[in-house]
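We just call them A, B, C and D in the order they show up, numbering each chain from 1.
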């Protein structure tokens, strides 16, 4: 069981800020494929990965990173703070 | 007649902040030579020109600049503001 | 070092005056204040979303990196989230050092990293609707200056 | 643009808050505050002499040069003369711009030029006596960054 968080337009497209996902995915990319296969709104949100960033347990990471031991995955667009 | 101003340690060595000088000097260097010839305290203040700066009518200038039309000459060490 | 993430407005002047106060071995304090900018003249408000937990973690890491790179006596980062009006302060950073070059470089570095590495997202609301602000390639490229 | 040369203390925080106030098309404000630094731990006070008339003229020219080089909405320079205690503010500059890179570069530039081109001279007074602060070659060299 992994907590998956969405922010900014990713949150808006998927329609929720957070969910618990039961998954056997071993990498972020595997998880993305599982989510894409769920529903159109997920496929849309994850259609262009170059427009997305991922954090694993609150550290920026990559889509080919392992999910081993990870409790929290967050997907969001590039940051625009400051 | 030119107003000559001294600042910081130049003022302290010469012993006054300002004086009027009757001179026929055509360049700053000529004026420096006249002042050096006056007294020991002037010779001392002007002994190392690389440690001095000059301003003509309140604009930074050079020792080989002309005094033509100049009303105010100031001598001082490199600035240390900020 | 102080990192603050809050919804409430803050007083940049009061923060500047309180920063590094009483420290007599500093010669230079640099501050940066980010202001809600009404680019097109039609901005009603700006909404800033963030990632609670990761935000504080990312800002702290960026400050620690700045302290490792430059001789800083103190560092401050304040960043708001929630709703802002045009002209409102969004955030500020401040750095204190013995020397001005360190204070300037560290503040510049903090801003570059904070822009692209701290999890904040801005949404501009105008009469025509609301749009997420797109990240600029130039902001990502700015990080190359420090590598 | 505002250039102030005064003997009295100033409130850096109040100046920062008043600076570029009400301007909604700026996104970035950078400030630099110069503080009387007690380098050796024995500073009793600092005395700053200046060249009335030329000082205001030189500072105004430096600000005009900064405005010509970068897109600035506003520029502020305040510099004190007279006697300062350790920890007292000596001076501040502030720049406001749409973009952070312009605000940072202009403030950095103003400081470099002000250090070596505005007619101020510092004297440090300790228990052992008083000494004029020597100009640093590095301050003169810093000007090459902008040529």
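FYI, a residue touches a chain if its C-beta (ideal position, glycine included) is under 8 Å from a C-beta of that chain, and two chains touch if they have at least 3 such contacts.
Chains and their UniProt names: A, B = Molybdopterin synthase subunit MoaD; C, D = Molybdopterin synthase catalytic subunit.
Here the structure is a predicted model, which means the values were calculated and not measured.
Trainee: What is the shortest path, in steps, from chain B to chain D when you may only step between chains that touch?
Mentor: 1
Trainee: If you average the Cα atoms per chain, which one ends up farthest from chain C?
Mentor: B
Trainee: So what's the Cα centroid distance for chain B and chain C, whole Å?
Mentor: Between these chains, centre-to-centre, one finds 48 Å.
Trainee: In angstrom, rounded to a whole number, how far apart do the mean CA points of chain A and chain C lie?
Mentor: 26
Trainee: So what's the Cα centroid distance for chain C and chain D, whole Å?
Mentor: Once rounded, the distance between the two centres reads 23 Å.
Trainee: Mind pulling the chain C residues that touch 2 or more other chains?
Mentor: Answer for chain C, listing residues that touch two or more other chains: 34, 100, 111.
Trainee: Find every residue in chain B that makes contact with two or more other chains and list them.
Mentor: Each of 82 in chain B touches at least two other chains.
Trainee: With touch defined as at the top, which chains are paired up in contact here?
Mentor: Every touching chain pair, ordered by label, is A-C, B-D, C-D.
Trainee: Given the complex with chain C, which residues does chain D contribute to the contact?
Mentor: Touch residues, chain D against chain C: 11-17, 22-39, 41, 43, 86-87, 98, 100-101, 103-104, 107-108, 111, 142.
Trainee: Which of the residues in chain D end up touching chain B in this complex?
Mentor: Residues in contact with chain B: 34, 48-51, 53-54, 57-58, 79, 90-91, 111, 114-123, 132-135, 140.
Trainee: Taking the touch rule as given, give the residues of chain A at its contact with chain C in the complex, in rising order.
Mentor: Those residues of chain A that touch chain C are 5, 7-9, 11, 55, 58-60, 74, 76-82.
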